[in-house]
Structure formats: C-alpha cells, structure tokens
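The following block contains the structure, expressed as structure tokens.
Every chain is named by a letter (A, B, C and D) in the order it is written, and numbering of its residues begins at 1.
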Amino acid sequence: MCVGLLLTASLFAVGLARGAVGCRVVYGACLAICAAALAIALGYLLSDATAPATTRLPLGLPWLGAHFRVDALSAFFLAVVNLGGGLTSLYALGYGRHAPEPGRVLPFFAAFLAAMNLVVLADDAFTFLLSWEFMSLTSWALVMAHHDQPGNARAGYVYLIMASFGTLALLLAFGLLAGPDGGYAFATIRASAPGPVLAGLVLGLALLGAGSKAGLVPLHVWLPLAHPAAPSHVSALMSGVMTKVAVYGFIRIVFDLLGPPDWWWSMIVLTLGGASAALGVLYALMQHDLKRLLAYHTVENIGIIFIGLGLALAFEANAMDWAAALALTAGLFHVLNHSLFKSLLFYGAGAVLSATGERDMERMGGLIHRMPKTAFAFLAASVAISALPPLNGFVSEWLTFQAILISPYIPQWGLKLLIPAVGALLALSAALAAACFVKAFGVTFLGRARSPAAQNAREVDRFSIAAMFVLVALCLLAGIFPGFVIDAMIPVTQAMVGGHMPAQGAVPWLSIVPIAEARSSYNGLLVFLFIAVSASLAVVAIHRLASHKTRRGPAWDCGTPDPDPATQYTAGGFAQPIRRVFGGLVFQARETVQMPPPGDMAPARFEVRVRDLIWDGIYAPIEGLVARAAERMNVMQFLTIRRYLSLVFIALVSLLSVIALWL
Amino acid sequence: MSQLVFDIAHLLAGGMVLVSFMLLYQARMYGLLKVFALHAFVLALSVAWEAWTQDAPHLYITAGIALIVKAGIIPLALHRIVRRLNIHRTVETVVGIGPTMLLGMALVALSMVLMLRVTGDADPLAREDLAFALSIVLLGLLMMVTRRNAVSQVIGFMSLENGLILAATGAKGMPLVVEISVAFSVLVAFIVIGIFLFRIRERFDTVELDVLERFRGDRA
Amino acid sequence: MAVIYDLAIQGGQMLLVLGLAPLLTGLVRKIKARLMRRRGPSILQPYRDLIRLTRKEVVLAENASWLFRAAPYLIFAATWVAAALVPTFATGLLYSWSADLIAIIALLGSARFFLALAGLDVGTSFGGMGASREVMIASLAEPAMIIVVFTLALIAGSTQLSTVAAYMKSPDVGIRVSLGLAMVALIIVAIAENARIPVDNPATHLELTMVHEAMILEYSGRHLAVIEAAAALKLLLYISLIACIFAPWGLAQPGDGPAAYAVGVLVYVGKLAVGAVLLAFFETSVAKMRVFRVPEFVGAALMLALLATLLMFMTRSL
Amino acid sequence: MSGLPFNPIGAILTVPLVASAMLAILPGYRATARLNVAATFITLLAALGLLVSRPEGGRLLVIDDLNIVFIVLNTFVGFTTSVFSASYIAHELDTGHLTPLYVRFYHAMYQVLMFAMNLALMANNIGLMWVAVEMATLTTVLMVGIYRTHEALEAAWKYFILGSVGIALALFGTILVYVAAQPVIGEGLDAMAWTNLIAHVSAFDPSLLNLAFVFLLLGYGTKVGLAPVHAWLPDAHAEGPTPISAVLSGLLLNVALYAVLRFKMLMAANEHALAPGPLMVTMGLSSLIFAALMLYRRRDIKRLFAYSSIEHMGIIVFAFGVGGPLANFAGLLHMTMHSLTKSAIFFAVGHIAQIKGTQKLADIRGLTASHPVLGWGFLVGVVAISGLPPLGIFMSEFLVVTSTFAREPLLAVPLVAGLLLAFGALLLRLNGIAFGAPHGGNAPAQASYVPMVAHLALVLTAGVYLPGPLVAWFQNVAAALG
C-alpha cells in the first residue's frame, strides 16, 4: 500500500535535486504523494475498518524483516503528517524558490517526509528506530541548509546530539521490551507483559526519547536553536509535524506496547507536561526573534498535549475508560490543532522573513498594510493558538479542561493534589499564550514600520498564500465542527484505552457533549454564528443610524509629535510587565538602567539579561564535565614510549595478578 | 639420570633468572653489555642442554644462534654504538636500583605462583622452565620500563626475548622454534640498526638529539 | 410553538442585557457621585453619550488598518454573545448549552485579545502601554477565573451555567468555605476585568494610571460608542454572573409561565441595583493602586481560587 | 575436489608474492600501479573462488566460515585501496613527497603486506599465524616510515617498539597454548594446528589456558589497538601514507582481531577455563570511552579517525565479549561495516589532505561548498561511522545495545554513554569540516572517487538490506564463536 509509494517518493526526490525546475518538480511530487497518502489514511480512519493492514518487506533485520502496519492510531498520525507535509510542499512551491542552494534542501525535504511516514508505519523496533533516526538525520541536514550563517552550526550540533540522545534512550527502551532473545516485532512485544519495575524503566526511557524529540522540558533546548536556523517551511514541518511524530512514538510505546499503566506514571507525565506548558510560554514571551518565539510555543503546546496524555494514563490506570478516552481525545485533538496552526504560523513567519529579510520583531511593524493576506492568516492562527473561540485551539483545551474536571473521581491523593495544580498551569499558559500572541501579531504586523525593510515589504507569492488560507479554513472548520473530528478519533481511543467518547454526530445542532448534556457542552458552530450575526447586526445598526463621516488625521500625540517609529512600544517593552511578574523567579531576569547625570546628553541605556535556567543548570555542567575529562585524558597522546611501555607492563602484571588471585 | 637432567636444566634456567637480576643491578653501560653476553651464553647452554635431553638436533641451531648473535655480535655492535655516539657510560634509571630489585622479586614470585599452580600435570621440567622463562620475560619488561637509555632498553628487550626462547625450547617438541629464534634475531637486528641509523643516543622517545622540542603528534 | 417561545425568551434576554447595560453604568456613576456629595449626571447619561458619539464623525489615525475599524464590532459581538448566555432572569435558555462557563470566559478573552490589538494598531506609545498592561492583568485574571470555574464545576458537577445556577438554588449546597473563597476571587477578577478602581480608573485619562482608556484612546465616534457599549455590557455580565451563581434566587425555570419570567426580570433588575450600589461603595472606599501592585492583587485572587479548588478536591472523595 | 581450475588458497598466497617480486624490480610508476591493482584484483577473484569451492586446508592452512569472511573482506578492501592508492601515489609523486624508488618499494611492500595478512588469516598453525602477523607488522612499520620525515620516523619507531613487545607477549601466549596442548595431543605440529586444538581443547589444563589468553589478549590486543596498549595506533595512522592508514584501520586491526577471536573460541570451548567475556568486555569498554574522550582534543584529521578506529574496535571487542548469537552477529557485522566505512573515510581524507595541503582540522572548512562530491561523500562516511541510519553500523550498534541491555543493563549504560560521547566529538568536527565558508587550499581534486563511493554504497545497502546467504553465514560463525 502507501509504504511503497512513500519509499519511491523519497528515492525519486533524492535523485531529483538541483535547479528551480527540480524545485517545482520535487515539491509538486511531494504534494501529490502526500495528498494521496492523506486520502488513504483518512479513508482508513473513516471507513470503520477495524482490522489493521500489515505488510512485511525483506529489509532491515534479516531474520525479522521490516514490518509495517496501519491501525487507527497510525492512520490518524499519517493523516496529520501528510496534511502538514502536503501543505508545506504547496507552500514551498512558492517559498522554496528563495532558497539560495536548493540542492541542500530538496533531497532531504522529500526524504524527511518519507522518514516521518515510515516512523508512523513501522511495526518493529528496528524499522521504527531506523526511520526515527533517519528522520533526525534528514531534518538535521535541513537545519544545516543555511550552513554559512553564524550560529547555525551550533544549532545543528545541539539538535543532532539531543536527537541521538533520544534515539539511544529509545534503543534501551526497546532493548528492555524485546528481551534478551531479541523479539523486536511489535506484535511480540505486545504479547509479552513486562514486570512493573521494567515497565517503569521503559516509561522513563520513552519519556527521555520521545520527549527529547518533542521538546519536552527540560529536553527542549534544541528547538529554539534549530527552528530559527532551518528554512521556514522546514521549521513548519519540524515544529508542526515532527514533534507530533514524537508524540506518536510516546503513545505507541506507552499506551500500546507497554500494557496497563501504573497510576504514578501519570504523575511524571503530568508534571513534565505542566512544566513544559508554563515554562514554554514564559520563555516565548521573552523572545524578540519571531521564529524562536514560535519554537518556544511549540514547547508549550507539546506540554498541553502531554497533559492530555498524562490524564489519559491516570484514568486508564483507574479503569475509567470513558474518561481516559476523553483525555486522550483531547490530547490527539490538540495534536491535530497544533499541527494546523503552528504550521500556519511558521508559514507566516516565513513569508515575513522572505518579504523583509528580518526575524527580529523589533525591526518589523506595520506589515498589515504591506502584506494584508499574510497578516490575516497570521491573525487567524494567533487566535487559534491562543485558544479563543470559535477556532480550533479552544476546542481541544476545552476538552482538556473537561477531562481535568473529572479527575476528583480518581482515588490516589497524589493525583488529587497534582491535577488541579496542572489545571492552573494550563489555564495560566492559555492566558499567557494570548498575551504572547497579542505581542507577536501586534508588534510584527501593527503599528508603524520600524525598519526600511519593513517599510518596503511586499506580499508573498500565491502558492504561499494558498497554503496559508487552506490552513485558515481548516482551523475554522475544526473549530466549528469539532464533532466530526472527535468521531474520527473513536477507533483510535478504542484501540488505545479501550473506550471512546459518545459519538458526537448524533448530538443535535452539531454541538459536542463529552460526558452528558447536563454536565457540559460546547457548540462551535452556534458560537460562531452568534458572533457573526451579532457583529453584523451591530454593523448594520450602526451604519443605519450613525453618521458615516470619517476623517483621517494624525494620531493623537499629546501635542508633542513623534514621527520616529522608535517611539512605539517595542516587543521587549510590551513583555516587560509580565517579565516583572514572573521573570524574577523563572529566569532570573536582571534589568540594569544607566541613566546619564542631568544635563548630560548621552542616551540612557537599559538592558535586560534573561537566563535559561535549564541550560545553565543541566547542560552547561555536562559540557564542562566532558571538556575537563577530555582535557585530562589528552595527556595520553603525549607520553613517551617508555611510559607507554609501562602502561603495557602495568596492564600485563595486573591481569596476571588477577589470574593469580582468581584461581 | 632424569633427576640429574632435571637438576641441570633447573640450574641453567635459574642461572638465567639470576643473570637477569644482575642485568637489573648493573649501573654501568659496558658492564651491562658484558652481563647480557653472559645472559645469552647461559641461554645457549640451556638450549643446548635441552637439545641433548630431548635429542632434538635442530635446537642446536638455536643454541648456536644464541651463542653467536646474542652473545657475540650484538653486544659488540652495541659496544661500538656506545662508543661511537658517546652515550653516557652510566645507566640512567627511573626508579633506582634497589626498588627495581624488589619489584623484580615480586615479579618472580608472581610468576612462580602462576606457573607452579598452573601446570599441575605438565611435566616438571617444562614447568620449571616455564616458571623461570615467565620471570625472565617479566624482568626484561621491567628493565625496559625502568631504564632510560636506548641501549639498556634494547638489552631489556633482548633478555625478554631470551626468556621466550627458553620457554619455547622448554616446551617439549615444539616446532618452529628455530624459525622463531631466527625471526627474533632479525627483529633485534632491526632495532639495533634503527638505533644506529636514527642516532638514538639517549632514549627511545626521540629520534634525533638535535630536535629540541620533541614531537609526539597532534601538538597543534 | 415551544421553540418560538424559547426563542422569544432568548431574544428577550439579549435585548434586555443590551438595554440595561448603559443604565447600570449610569447607576454606578450616579451613586458614586452621590457618595462624593456631587449631584452627578443623570442615570440616563450613558445613553445620551452613546447617541451623541454615534452622531459624531470618526477620526482615524493615518496608519490605522482594517483591524482597527473591525475590532470594535468584534469586541462588541463577543461580549454581547457572552452576556446573552448568562442566565439573568431565567435558567435553561434555548442556547445556553451552546457554550458553558469556560466558553464564556474564552469569549471575553477574545474580546480582550482584539481590544489589545486595536490598542497596538496605531502605533502610539499610549496604545502599547495600555495593551501591555491589559494583557499582564488578564494573564493573571483569566486563570483565576478558570479555577473559580473548576470550583463551581466540582460543586455542581457541571460547567453549564444553567445547571450550576439550578444546583445553587437547590438546598443541598450548604455553606462551603470553598464557595466563599471562590466568590471573593470572582469579585476581584470582576473588578480587574472591568477596569474598576483600585485596578484601573475608568474616569481618568492620566497616563500613569490608565489601562483600558489608554487602549481606546484613538477611538472616536461610532467606534468609540460601540466599545463603550461593550464595556458596559461586560460590567453587566460580571455582575449578573456573580448574581446567578451566588444569588440564584428568583430565576425562572424552563417551562414556567410568563408570570415567573416577569418575576425573574424584576428580581434580576433588583440584583443589578444591589450590585451597582456595592460596587460604588467599594470604589469610593478604596484608592487606586500602583500598576505593579495589581499583579499581587489579582494574584491573590488566583491563590484564593486555587485554594478553593484544592479544598474541593480534598473534601470531595467520590 | 575443487570446482575451479586452480587452487584458490595457492593463488591467494602466491599472487601477492610474485607481484611483490615483480613490483620490486619493475621501474616506472604507471605500470607498477596498474600491476598492483591487477594483482590485488586477481587475489580478490581467487578469494571469491573460495566461496565457490572450499579446498581442504591441512596442518598449516585452514579455510572455514570464520576466516572466509575475513579473507574476502581483506582482499576486497585491499583491491579498492590499491585503486585509491594509484591516484594518491600519483599525486605524491607529482608533489615530490615520494621518489620513484620509494614508490617501487611501497608497491612491493604493499603486496608483501597483503600476503602476510592473507597468510595470517588462513593459517591453521598458531605459530604460523604468529609469524604472519609479525611480518605484517614489520612491513607496515616500514611503510609508515616511508616519508622519512621526522614525525613519520618517530611514529614508525614507536609502532615498531610497541609492536615488538606485543609480538613477544603474543609468542609467549602461543607457547603456553602449545604447552597446554602437548600433553593431550602429543608433540609436533599437530599440537599447534588450530583444528586439532579446538577438537581437544576441553581436555587441556584450563589454568594454563587462562594464562595463555592473558598474554594473547595483550599481545594481539596491541595490534587491535585496545586501550591501554593502543599507543602506536594514532601516530602510525597519522604519519603514514593514507592508503596505509586505510589498510591499517580496515584490515590489519581485523587480522589481529581475528587472532584474538580464534583463541577466544578455544577458551570458550573449554568449560573449566575462565570465560574470556569479562576481560574482553572490560578492555572494549575502556577503549571505547577512552577513545571517545580523546576524540575531542584532536587537531589532526587522520589522527582523529585513528582514534575513532580505536573506539570501534572497542565496540567490536565488547560485542564479542558479551557473546551470544545476537552480540556475535553484531560484532561481525560491525567489523565488516567498520572496515568498509573507515577505509572509505580514509580515502576521502587522503584526497582532502592533498587538496588542502594540510591535515590540520582547523584549516579544513566548508568542503560541501568547495568540493561537493568529496564533501558529501566524507559527510556520509562520518555519518555512517557515527552509527546513524540508514547505514550499516546503525544496525550493528542497534543489536549490540539492545542485546546487551536486555542481559546486563549496567554494561549497556557506559556503552551508550561512550557512543554518545564519541558521536558528539565526531559531529563537532564534521560540522567544521563539511560546513561553513570554504577555507584553506582549494586545488581541484584530481582523484578517483570510485572506491569511496563503492564502499559507501555497500554500507548503505547493508544498512537496509542484508542478503540471505551472508546472514546465514554470519549466523553460523556467530554460533561457532559461542
């Protein structure tokens, strides 16, 4: 089935490399193939075929072969991957033409898509890890596409190191699951039930492995480096799709392969999720680099997804299948939503980048006049990611809240205490996200242009616009018809946690009812209609009754004209109050003001230093340790022959004495 | 008879160990060379003895090689080198004679423990020889490690290799002994020539005296 | 038939809140003036202001974008819809199930979102300042609100306002500590969200203190009118929210006759009046606080709400 | 008995000898280079002939599953390397690094080396094996020193001294094995024929075997380059001609490893002897971690990859030490892949060093920009050597780690840590070499990329697909290794 298709896809794209024509051809081909795969996946998901389709190719481990399998879960993620992949290809049809060296992007782009599909399809440990690491490799190559820009080398370095750290963790996890006689096929692993200690170990390793790829705090350090470095459509893929593949890996291992969970697992997952959600958005608020800001938001959303998964684990451990299904649905729904609006946001950022050549928000502004379409798309995405109705972001967070509200039925006290706190963190992160996107959109697109580049920006090409508007439409549809999405996930939750939410298609007025009508319900369509109707009512009324006179005039300036756009609020200034509130404890923000003495005409200087405590706390020490150890070891290169001989001598004598004592 | 055979072999092998200790003890270069010649000579004797007891005539060749090459040519060659390249006449030690001797004792003890425990059912002659051979090998290595001059290191190596020959001949009916001894003579010859060609006066570590900063690779 | 009846009630609610909102604002102003020994403008002044504003021409800054012109209507619509979904005089409104309490909060959130954007649009330092302070306050107030909702939902077993109100009416609520905490928190949030003293002063244009006014500084004419209307609606919404949760008496049940609805309306107006009086008293009795003390004030609400929720989780072991 | 017109063994051994003799006499660079290639090619064909028909060995020579793997690999890499060395040496002649006389010497030595290694691989008699290994060592010593620069001489000297001591130790071990065998089998050559040994080893005196194994492990381990007896390896790789570095890393280490394996099999077959596993695991781990740390401070590109060879030898020895069908399979696979990949890398490095005119890492930048084919080839090679998919080494590392972790988790953790460390260092260097703005000498590469590409293609295929016969074969050997 689609396996062969994708493999051919990658090969054929790797073959085709250079030139603008090749650009078109490759991206077009990727678009077509992804569309086909998407169709297949959706067809599988919607047609209630319960039997998973499997194939086995004589590749990979010789005595095992490469197993591939499509069940509900993988079908769902296939849909996510190929949706993102296809739209990105569409976007890249236009955007990719700005790439200085297409030869460094094209082959890896296609291979990257293929690798992600393979991860989702793989049905044995070897194939899974091979595709997983291949995914990292190709995306690394894509990150290094602009290799001559400063800092990118480091970004790629940190990225690949973290990636293979994760792979090694997963390697160990699968080693545990497979057992000494190497039963690497997922079917075998499912059949064997690991002991509690073993399972806990595997969970920890899976968290390390999938978390380092998904960007879970404290393994998130590579995202803010790699996403800005990569070309924008690649960042969109990495952030919107690849992190979801990581989530898939986690779900596959923990929910599917690992058997029934313990309740304390969910404690870990929930804690990490909450921490990622809150820290991610707080760090995002402090950024001026648009793409870095978006990268930190990926951390936040991954946190939200993991909160959903953690709740699902907690419920499943207490045999509350319906609740587990609700939580899992919330998580998966957010997976879909995030892939939608985060890709859209990165497209927007890419459009801005290609139009102004700037990533620094402090040098943008007023772009809504120059590139209205992009601005509109970006606005829609901002509303969606800020979890505001009637768009899709709200629905998944609403579902998560509903799941949290069931949690008092859980007996364990640890969870009773933890879950409300996590809920608070979730609410906090939602509010902060809204604040952050007011900043992002406001400073970038509104106000007056802060640099000539922004002054003369031009709207981007039609392919990019098309891709963006498709996503806007999808965000809206997923927001006002959530019932269909939820119904599509029924087989997934059925397979994973053995329960599913009530079918929403039957509910009148297309509203969604997670548990019971009396308990809670939400109807995106009606809310949307209400807003539309009442807004138009207001417009009509005003335009009937009120005067139509409109005059353009200068903005009110208290009588002291400030033509200089530098007098606007900057991104840093905008975030300052929040930095004052949270910054002190979260990232040790230090503000220093140097005010010249009165009469001195020198400008006052104000600078803020924000530290990433996680980097300073965890990664820097490790770096230093390795460096010291290497320095110590290095003398071994410079010994004299006699010393080397003494090494031999010592080794010999010690081994001999071992023998002498041994026997 | 066999008792006598055993005693003589034992005597010779033990004598070699003793000479190894003398090697360790030597502080002067020429003395070292002389003692080494003695070492080789004793080796030749014991190999010949083995040849006689095992009536394996080919071992006589080995004995001859030992006698001519190791006891004759090489010491003379080294003698010349020492004079030609006017190397210090004293053996520079790293650890110092006394401690070295103690270490040597420990090594001999170690090898005894190993061997005498090890070869429970091997025939006693081979056992003794092996024990002594092992201690000679270890002593030779010890000498290479604790001496600074190239020449004394070469001598350490050669005494080590004498130990090997002893072991090889001690192992009854071992084939290829001759070939091996020849091969080793070639090896030693290489080393000596190397010393001569590369003008290694002081130590193995550097190849020429006139380079002051010493290259050990990868010093940026 | 029944559907039409319900529709009528729903529509009535929408019109009612819209009609009452300026009146409420006027009432609060009047009482405050009285408390300050001023005669103060008439209660109907807000209506006059709105009409006058709609008659005036709109002055737009040169670089105002379409967002600037669209924002007022969006804000107004979101607020209005939210207000229309709160049971004011009757529970079980036709569309009350289309959005629960969380959704209402989110609706207000989107209103604020666009307001802040509008503040940034012209690119004056005032707008930016207002917007940044607004989001800072909101980033604390909104979670507090959500957590209050948790508490209520845990008590009533629902996030559906009608259900909550109905449950609150029923005798088996009893007096709960967490309810009290939640109420305090909700009131603080309401004050913060509606830009009342001590968080913000709606009656001033002094740069150092203003938040809400700074954002709408550039608005004029009909746009300003719409925004003012939205602000009034918001105030009304919060008061009626508090009323329907903590004083759910006199709410008409679904299926009651017109009489019950009439009673409901009257009781509702009464509640609003009480709310206005209390608010006015509070505002005149405290002083505006520095902007950077506000986080502590709202943060207190957050803490209270969280405490209430934790209490609920502890006490409620089902 | 042989389906072939000629006896492969004879061919494999005689062809190099004859060739070396001819090469020693014949003048003229081109002819000799071609002859060199031809000779290695014929040897390769003969080795492939072994697959078709497997002649009986005898008391001196033996052919079995184990060494066929090594022999074919050996002759193949020997062939590709000779192709590479043709273009490499040509450049050395043009730049005057080598005089024609030395080139003649070089080619002759190359063939002698091939002969010695093949002999060592086919030797049934452990004494003969020892002699062959020593011969290989001496020839490589001569070739390492061939540039006559001070550094080259010193590297050769260091190699020579340490190698000789290693040889001595190995010999002592061999003698001990004989002493152990002699009471059981009787005197003479039979007691040194490996086939007899393995047949009767269960009756040997176990403690004597233990002692012997210690000496053999250290002796041949010196050749394998295990820490702490590795010291000769980096300099020898760095200072010799690059084809020799390729042969050293790709082949000679394997030959020594092969010797260790033979004796490991003896140990395993005697149930009273101590299990060789722990010793090998310890040395493997120490080499892995030591080399991984050493990689960070390297400034010379060839020395860098020499240390990476130490690291990989550590992994392989670790795998064999862990034992069991999975780990042994992984070890064999890893060894094969490492030979192919590492020699490919050295091919690339040779051209790089010639283009840039330096081996200093600091002066090599942005290769993918300046020399795309070379740069990307090099990149693929390094990616492969650091165990990333879809290349062969990933599979073997996958097997090693998973099979180990299931059995002794505590062993797998340091293993993984070492892998990650080494990966970090290599990637750091790779970033510098392959990316960034081009820098340093920028001569057009007049090189034959065929060998490099061929190796990488093989590694890539092996990464996703291993042909059935090969697998069956490896599995037999893995089972035999116990």
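Here is the rule we use: a residue touches a chain if its C-beta (ideal position, glycine included) is under 8 Å from a C-beta of that chain, and two chains touch if they have at least 3 such contacts.
Note that the structure is predicted; figures quoted are calculated from it, not measured.
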A-C against B-D, pair bridged by the larger set of C-beta contacts: A-C
Averaged-CA centre spacing for the pair chain C and chain A, given as whole angstrom: 35
Mean-CA-position distance for chain D and chain B (Å): 31
Approximate Å spacing (C-alpha centroids) for the pair chain C, chain D: 78
Inter-chain centre distance, chain A versus chain B - centres from mean C-alpha coordinates, in Å: 69
Two or more partner chains touched - positions in chain A: 637, 639, 641, 645, 648, 652, 656, 659, 663
Per-residue overlap in chain C, given as positions that touch at least 2 other chains: none
Junction residues of chain D, two or more chains touched: 157, 161, 165, 207, 211, 234, 297
Contacting chain pairs - touch in the sense defined above: A-B, A-C, A-D, B-D
Residues of chain D touching chain A in the complex: 157-158, 161-162, 165-166, 169, 207, 210-211, 214-215, 217-218, 222, 228-229, 231-232, 234, 274, 279, 290, 293-294, 296-297, 324, 326, 366, 368-369, 383, 388-390, 394-395, 398-399, 401-407, 409, 412, 416, 419-421, 423-425, 427-428, 431-432, 434-437, 463-466, 468, 471
Residues on chain A engaged by chain D in the complex (per definition of touch): 58-63, 104, 125-126, 129-131, 133-134, 136-137, 144, 147-148, 153, 156-157, 160-161, 164-165, 168, 171-172, 174-176, 178-182, 184, 626-627, 629-631, 633-634, 636-637, 639, 641, 644-645, 647-648, 650-652, 655-656, 659, 662-663
Parts of chain B lying in touch with chain D, wherever the complex brings them together: 114-115, 117-123, 126, 130, 133-134, 137, 141, 144, 157, 160-161, 163-164, 167-168, 171-176, 179-180, 183, 187, 190-191, 194, 198, 204, 206-208, 211, 215-218, 220
Chain D residues within the chain B interface of the complex: 125, 127-128, 130-131, 134, 138, 150-151, 153-155, 157, 160-161, 164-165, 167-168, 171-172, 175-176, 178-180, 182-183, 187-189, 191-192, 205, 207-208, 211, 234-235, 238-239, 297-300, 303, 360, 362
Chain C partner contacts - residues on chain A that touch it in the complex: 365-366, 368-369, 372, 379, 383, 386-389, 394, 398, 401-402, 404-405, 407-409, 411, 416-417, 419-421, 423-424, 427-428, 430-432, 434-435, 437-439, 441-443, 446-448, 509, 511, 517-523, 526-527, 530-532, 534-535, 538-539, 542, 545-547, 549-557, 562, 565, 567-569, 573-578, 580-581
